[in-house]
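You will see two complexes here that share subunit A, one where it goes with subunit B and one where it goes with subunit C.
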Partner chain A sequence: MTTRAGELSPDEKKDPKNWTNRLRGRLEGLVPPGQALPDRQPVYVASWIYVFGVLTLTSLVVVIASGCVLSLGGVEWWHVTSLGHYTNSVHLWSVELTFGFMVIHLWGKFWMAAWRGKRAMTWMSGVLLFAISIGTSFTGFLSQSNFDSQWIAGQAKDGLNSVGIGAFFNVLNPGQMLLYHVVILPLVVGLLTLIHIILVRRHGVVPPLDADLEG
Partner chain B sequence: MSALSIVAEGPGKYVNWGVIQISVANLTIIGVMILLFILALVVPFPTHDEQDDQEGHSR
Partner chain C sequence: MSRDRTPDSHDFPTRPYDLVKEFVIALIVVLVLSAGLAAIFSSPDTKAVTMSGWAKANPNDLAATAAGELAGTTTSAGYGAPYNTNGDGQKLGPLPLQKWAGVRLPVNSADLVLGPLSNASDIPAVTAALATWKTATPEQQTKWATAYTDALGKVDNDPAKVATGDYGPVPALSTGLVALAKTGGLEGELTSSGNFYGGDKTRSLLLLSDGAYLEDLARAQNLGGDQWGMMNEAGNSPGQPWMWLYTLWYQIEPFKSSDNADAQVWGIMMFLTLLLILLPFIPGLRSIPRWIPIHRLVWRNYYRRAKRA
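Our next item is the complex of A and B:
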């Protein structure tokens, strides 16, 4: 029974058979209260090494935004117009920055053993995200629609075919590679990024090794 | 040859060290990344409020 438009009665809020209630409960329990967007962090987070995760995220936002602009013009646009050429360069260099920041983030987290304190899933989601990101950039190289992309496809096909991947992932098919690059892989990267961030917010930022020993 | 052509044009220069062969551009980028990593560890992070530090939190 609804008591007012948009407001549920207490019985309805607790009904476990209602999948909306169950989903709401799960979403509310994803991160501890107040930890979704915290404005305060433990004092050990005041170090530049903790900045590289968010730098990766911000440059990824530029990658996705510039990729959306590129998709408006079509697969030849970035070769024949100055704006397209500029947007293509923004896309390329934001990818370079994303990977640079991501690798420094990885080094920092590796040397502070960031999988400690029940953070194994956070670490593994980051590893998976790194691997899928490499695949996404690879399909981007194959989608340049120039001789460079043809040469890369020609070099890659034998290796991929030898392990059977070529049956469903054909690097010589630029249409398939472009759709992997602009639809499937960005969705996977976006989803994994979301999971990774939720896990970081859920378990908190990993403390330095010496802080963990003292605690 | 301009400095930009090292990373933007031409066949590129390579460093050969035993079985390792790497372009000067890639080696430079790796060097810059290692430098950034070291700087991130040693350069102090600006903090605004000493009271936060005493409470064990920082903004």
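Our next item is the complex of A and C:
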């Protein structure tokens, strides 16, 4: 067993009808004791490829932080001040770094067949996160309120309309796109990131292919 | 499905590892990289095209687009869902997904011209032209507008060179829209719809996209759909390189010349994304990492130690 999933905590056993006890029990059981922030890792965790997961996460932190600074100034701020433009540049480049690191992380996990050992959900949440991150950055490009936004919106509408999505997700409405970019999609990305990290800590780092504990 | 014999990671021998230190160092590295790249390469910010800029730089294109909106010959006029019912839209195989979504963002293309002129133009010739247009039958309106767009097409959209003909009020309406655009008031008329704030640019972006001006500017910067434009941005910015696969399909046949290219490309990308998500459950695909042993590089120290043991 890699986790305590499904087991009842002492509190649950004490009063299983108490909702608070049950929720606490579930939360405590998400990750095995001591594995949320362990100070040791299995001996096979010794490669530069492992760094790209944390690089993706830290890039996302910079993306969110620079995005928050842009939000403080408002939609037009970055067009009219040098500080705003520089902040926008930091936001753009941290997004480029996030995707670069994320793609390397994804390929690394693919070649390690990292879905083994009941880690399919970890893989699936990661791929979903990649796909939704593309949508999140896309709404950012639509929210720039410049020539690129106009052109990208005009082109993208045809793709989205062709499968019926454009009727609900209108890329020609920058107000709707901005709210997707700064509220809805970041919440989804944040939640999926949390789930992904919990799953990683819950199951631990995938062992090498054909690893034999007796060996 | 072969049984998964992967051992529990928690049963392996361990070594010290400082996750928090790793996170902090990575954060500093990313901060320095982002700040440095931003300082060196900045970010593109080409000013948005304005209706006034369009009217001044290429008045003939705007006048021809206006006539096309009245004739119902522009892209948006015959688009179908979600803007109107004038076209069937694209299909994904036999599935008319575009049509099924319905007309949720109704746009009457003639209103892109008549609406702003009715609200904002005080030019007597335009007021008279509007009155003539409104009292004509739909058939007569279409006849005038189609005749005028055809005539414009023969003289490179130059109204000054158009042959004499029965165009009714269409020339006055077209040039009236150009005049209104030059004042800078057209965006507001198209986006506000009576609302002081008016943040929805659907109507103004549809009008802009119906003309050739925006596309000409975009193509000059290699942003066209057949120029890998969907992953590029203006200037030398990296844009969205992660869109390369989506963009790739538009560069090759049969999608390049397909009337349903957008739906087909979306269908392919959704299928591939689903395939990637479900990879752990797909026999064959999930075994590729075993067949091409790149993992031997990742875990080379572990395998070397295991062999010695």
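FYI, the second predicted complex is superposed on the first by the 197 of 215 C-alpha atoms of A that agree within 3 Å, B and C clash if a C-alpha of one lies under 4 Å from a C-alpha of the other, contacts with A are read in each partner's own complex, and residues count from 1 in each chain.
By definition in this document, a contact is a pair of C-beta atoms (placed from the backbone, for glycine too) under 8 Å apart; a residue touches a chain by one contact, two chains touch by 3 or more.
Here the structure is a predicted model, which is why all the values come from computation and not from measurement.
When the two structures are aligned on the shared chain, A:I104 is found in touch with subunit B, with no touch to subunit C.
When the shared chain is aligned, no partner comes close enough to touch A:L191: not subunit B, not subunit C. Contacts of A:F168 after superposition: subunit C is touched, whereas subunit B is not reached.
Look at A:V80: by the touch rule set out above, it reaches neither subunit B nor subunit C. Of the two partner chains, subunit B and subunit C are each touched by A:D39.
When the two structures are aligned on the shared chain, A:G154 is found in touch with subunit C, with no touch to subunit B. More residues of subunit A are touched by C (comparison of subunit B with subunit C).
In the superposition on chain A, A:L209 contacts subunit C only, with no contact to subunit B. Using the contact criterion defined above for the overlaid structures, shared-chain residue A:I49 touches subunit B and also reaches subunit C.
In the superposition on the C-alpha atoms of chain A, the part of subunit A touched by subunit B in one complex and by subunit C in the other spans residues 39-43, 45-47, 49, 51, 103, 108.
Of all residues in subunit B, only 29, 33, 36-37, 39-41, 43, 45, 47, 52-53, 56-59 touch subunit A in the complex they form.
Partner subunit B is touched in their complex by these residues of subunit A: 39-43, 45-49, 51-52, 100, 103-104, 107-108. Looking at the complex, you find that subunit C touches subunit A at residues 4, 6-20, 22-23, 26-27, 29-31, 33-35, 37-39, 41-49, 79, 81-82, 89-90, 92, 97-98, 100-102, 104-105, 199-202, 205-206, 208-209, 214, 217-218, 223, 225, 229-230, 233-234, 237-238, 240-243, 260, 262-263, 265-267, 273, 276-281, 286, 288-290, 292-295, 298-299, 301-303, 305-306, 309. Every residue of subunit A that touches subunit C in the complex is listed here, in rising order: 1-2, 32, 35, 37-47, 49, 51, 54-55, 57-59, 61-62, 66, 78-79, 85-86, 88-94, 96-97, 99, 103, 108, 110-113, 115-120, 123-124, 127-128, 131, 134, 137-138, 141, 144-156, 158-159, 161-168, 170, 172-176, 203-209, 211-213, 215.
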